[in-house]
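Following: one structure in structure tokens, then a few remarks.
A, B, C and D label the chains in the order they appear, each numbered from 1.
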Amino acid sequence: MENLKLNVNIAGVSFKNPIIAASGTFGFGVEYKEYIDLNHLGGISVTGLTLEPRKGNPPPRIAETPSGILNSVGLQNPGVDYFIDSILPKLKQYDTNIIANINGNTLDEYCHMATRLQQIDIDMLELNLSCPNVKQGGVSFGTDPEMVYSITKAVKEHSHQPLIVKLTPNVTDITEIAIAAQKGGGDAISLVNTFLGMAIDVKTRRPVLGNITGGLSGPAIKPLALRMVWQVSRAVEIPIIGMGGIMTGEDVVEFLLAGATAVSIGTANLVTPDSMVKILYDFKTYMHNNKVSSIDELIGGLIVKMPT
Amino acid sequence: MENLKLNVNIAGVSFKNPIIAASGTFGFGVEYKEYIDLNHLGGISVTGLTLEPRKGNPPPRIAETPSGILNSVGLQNPGVDYFIDSILPKLKQYDTNIIANINGNTLDEYCHMATRLQQIDIDMLELNLSCPNVKQGGVSFGTDPEMVYSITKAVKEHSHQPLIVKLTPNVTDITEIAIAAQKGGGDAISLVNTFLGMAIDVKTRRPVLGNITGGLSGPAIKPLALRMVWQVSRAVEIPIIGMGGIMTGEDVVEFLLAGATAVSIGTANLVTPDSMVKILYDFKTYMHNNKVSSIDELIGGLIVKMPT
Amino acid sequence: MSRHIAEVVENIEIACKIYKMTIISNQVAQSAYPGQFIHISIPHDESLLLRRPISINRVNRNNNQVDIIYQVVGKGTKILSGLEKGAELDILGPLGKGFWIPKGTKKIYIVGGGCGVAPVRFIGERWDYLDITSFLGFRGKPWAYQIDEFERFSRKVFVSSDDGTIGYKGSIISLLDKHLSVENPDLVMACGPVPMIQALQKTVLKYDIPCQISLEERMGCGVGGCLVCSCAIGSKDKWDYKKVCTDGPVFWSEEVILDGESETKC
Amino acid sequence: MSRHIAEVVENIEIACKIYKMTIISNQVAQSAYPGQFIHISIPHDESLLLRRPISINRVNRNNNQVDIIYQVVGKGTKILSGLEKGAELDILGPLGKGFWIPKGTKKIYIVGGGCGVAPVRFIGERWDYLDITSFLGFRGKPWAYQIDEFERFSRKVFVSSDDGTIGYKGSIISLLDKHLSVENPDLVMACGPVPMIQALQKTVLKYDIPCQISLEERMGCGVGGCLVCSCAIGSKDKWDYKKVCTDGPVFWSEEVILDGESETKC
């Protein structure tokens, strides 16, 4: 299994393998260092950052649903400055790509954050236009193609690092949004973020989550995420980081076949802290058993006979 | 458990209990008569009908996903005339409400079917604007509020029976679509239909479904369906028939609390033919154990403290 | 045709990843006939919603025991293989329209390939008064099973394997072809993987022998209500989607239209 | 602080729907201290993704046995209750910041309510050289357990129940209140349902006794990475969300801000 080509290139950044920790599910990475060797990861997208520190939403913040989880963390984080000063130095000791996931309430805030991170030694920026737990005027930015276009464009002007645009799946036509991100200058697309959902406790007759609604992730959404990755891969030229319910090496293969160049692992980290190492191992085993020597053979390799 | 009030009224039609078989998952009802007493059901929404007979999509038409299934039946049915002449007479022997689920490729076809059914002894019409497996010009009608409004209005003019409008969940804002259906004269709303998804076989590197994509149903989508029912119930006045992943009596309670007046059971029928009887029994047990004497106490009964 | 709980009496590996399970079900034992199947709810793991269709290998009407044989290919059959004596299974069955013996049939050929050997054994058990010759194809010796059972009711049993580790080396259909070129049975009854069925269709057409084949398709309800188990039945110009679960799984060979892309496993 | 497989040695119902499970885990047995928990992956049913946090009731460093006590409240604990000797559990642990003994502490009161009795037993087992008085509250006799274990290390054990079927009838906190009004321990250490904790907070404030309490919150990772297990810690004017999994589950009583709507079960 040692001669497999696993590395991929996303917007000029080389990833030693296609496994990236999904934002918000892996803290700042360092929380997991006793369970997993961070050097083995392709990359880490850190917890969603905001300009100022944020407390996040009231508990309970998690509910278990069939093969899925709902979360309503609401971007609790210590703010971008604290990240740069106190966390990044620790993280830089590891040999893995660092992606800063940025979140704003206004276009200005996004640009401000990009500017603040411009001179900082991170590998990529991830523009999160999709958190379902934080709303601006009731509608999240990511559902409107024009908004996506203009925020992407503006942030691009303020950033030095390659820019990933992370899309919300809670839209009628995901390709329209992806095309807007590409047009705005996004260098890659990551999808999907969580689907807006809800759980009710029939004993108390109340929502389980303190925030009433939350974002659904995990295997339950895998078929939906996979479909979106497939649709978007046929609509845009820029690379895709696919995610949504990946728990096994074979799930990784499914996303690559559908057109993703790399994948992110989210919920699996909440289930077991060393999931990503296991998933990478299983992925290599799949390649080995199926005589796939290079990951490039899998990316976009779905064999389809279009229905007539 | 005998004194429980279970009956509900939807647009003037009385249902003896809130359990309705979801279209496409329970054939024409008669297929199940050896497994379940059809007289015990609140209603049956028959397999999606079209003006002409339809063959449907190529197999395989079903894939299992974590806590869900994908289907791509594509409205296989013998056509509305065959239904009226050869099936309905058998179905009318049972004491349950019959709902005709109608599907068109054009506005004309919808109206034509409504007209054809006008004088026929069925209890309600269900306008399916949402089948993800059949497309008209690439976009299904149900994602555009104006289309929803105009089709609903036109069909309403051609129909004598109360009209249910069935919505697709594959939209950015479900309330907008529901409001359009209400404005168009819809007497009730049923939601959700299936979510567009996909499954890939990593051995063959092909889609599992003959149609490539299919509609996701089952417990996996329950949190999403529940959220939509809750949103729509606060946006419209007309009653809602809620569905999506209901497998137990407690699931029924969740949908009623979220604002549904009745529920439909789909995937559970594919799992076990007598599911609906079991679900009704469990629902009554819940009412009994929780000292709920009337279903009206549950409908819309969610206790929420809106987040600030 | 009922939903009920069946108790597991025995569950053993009889060939490589191929298990024989014996359950007690008087409903199935008393009314099932060859080609029918049971639809099994997979216990323990609620993430697996669908039942698994498995053919009936044999029934014993005296003690209500029913045998099924299944290959472990995925999560559902993996869980089944771990069940022990005393476990309870929620099953539907017997389901489907199985094989039938047209009037005047005396001499039949039974053809089974891989997992398809399991269902056709029931034919010989039930209709052992006929003149039976059996053709069984396997991947190789480690995957072969129940050949001795076929010997009990067959005039002769022919075995082949892909790798030649048991019986003739090569396809069971070419073996069948040789026999058809010298002898005509009244009927061929078969079950097996799609490529085998396609070869069989050509062969029986060539010799113009009536042939019933049992098909597999992914299933939902199993009782005719959901229309997901469709297969194309008819002629090239005029065909319809029929339901494998209630119109089949057994159809006349000449009516079955296979597009060659259908999945198979064994 | 590791992920490993632990073997089940025993799993028995010790009170109504309350089970004691003994597992073998040298990692937990050797390094755990009172108030810590293990995070258990639920076997068999893949639809249940999340681990379940369960406190450590006792460890035996000699034979590496670890006891946990859990009440069956939902699907996960139901599956746990069905596991038999020899079953394997995938666990993380020991996790969390447990109870601690500030310098100079001599006399402590241990307070446990319902399922909260289980974790506080470990306090007495580990720090049995202290002068310990225990206060245990139950719903009623059928739900009471391990009172005799507390007697082994306690100067005195007080028991109460909601329905009076065992010990005093009434809340364990009112019993505690009576004792605090005549005697001051150096420290109170407690675990129990939210209403009990809220009453306790008022009582210890009244007598100005330092008090550590163990909290419960729905968890994801259990290791501090996902921020879902938050509880409000600080003062009414200046508080932050802390993580129950790594900053807690044990906090100083005066810093814990409970809104009264949190869920409890026992």
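Going forward, a contact is a pair of C-beta atoms (placed from the backbone, for glycine too) under 8 Å apart; a residue touches a chain by one contact, two chains touch by 3 or more.
No experiment lies behind these values; they were computed from the predicted model shown.
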{"item": "Contact distance in steps, from subunit C to subunit D", "value": "1"}
{"item": "Furthest chain, CA centroid comparison against subunit A", "value": "C"}
{"item": "Centre-to-centre distance between subunit D and subunit A (centres being mean Cα positions), rounded to whole Å", "value": "36"}
{"item": "Whole-Å separation of chain centres (CA-atom averages), subunit B against subunit D", "value": "46"}
{"item": "Centroid distance [mean C-alpha coordinates] between subunit C and subunit A, Å", "value": "46"}
{"item": "Of all residues in subunit C, the ones touching two or more other chains", "value": "46-48"}
{"item": "Shared interface positions of subunit A, touching two or more other chains", "value": "58, 63, 66-68, 204, 218-219"}
{"item": "Category of the chain touch graph - line, ring, star, complete, other", "value": "complete"}
{"item": "Subunit A-touching residues of subunit D, taken from the complex the two chains share", "value": "1-3, 41, 46-51, 90, 92, 217-221, 223-231, 240-241, 246, 259, 262-263"}
{"item": "Subunit A to subunit B touching residues, read off their complex", "value": "57-58, 63, 65-68, 70, 139, 143, 170-173, 195-200, 202, 204-207, 210-213, 216, 218-224, 226-227, 230, 245, 250, 253-254, 257-258, 286, 290, 301-304, 306-307"}
{"item": "Complex interface listing, subunit D residues touching subunit B", "value": "46-47, 261"}
{"item": "Sites on subunit B touched by subunit D in the complex", "value": "66-67, 219, 305"}
{"item": "Subunit C partner contacts - residues on subunit D that touch it in the complex", "value": "44-48"}
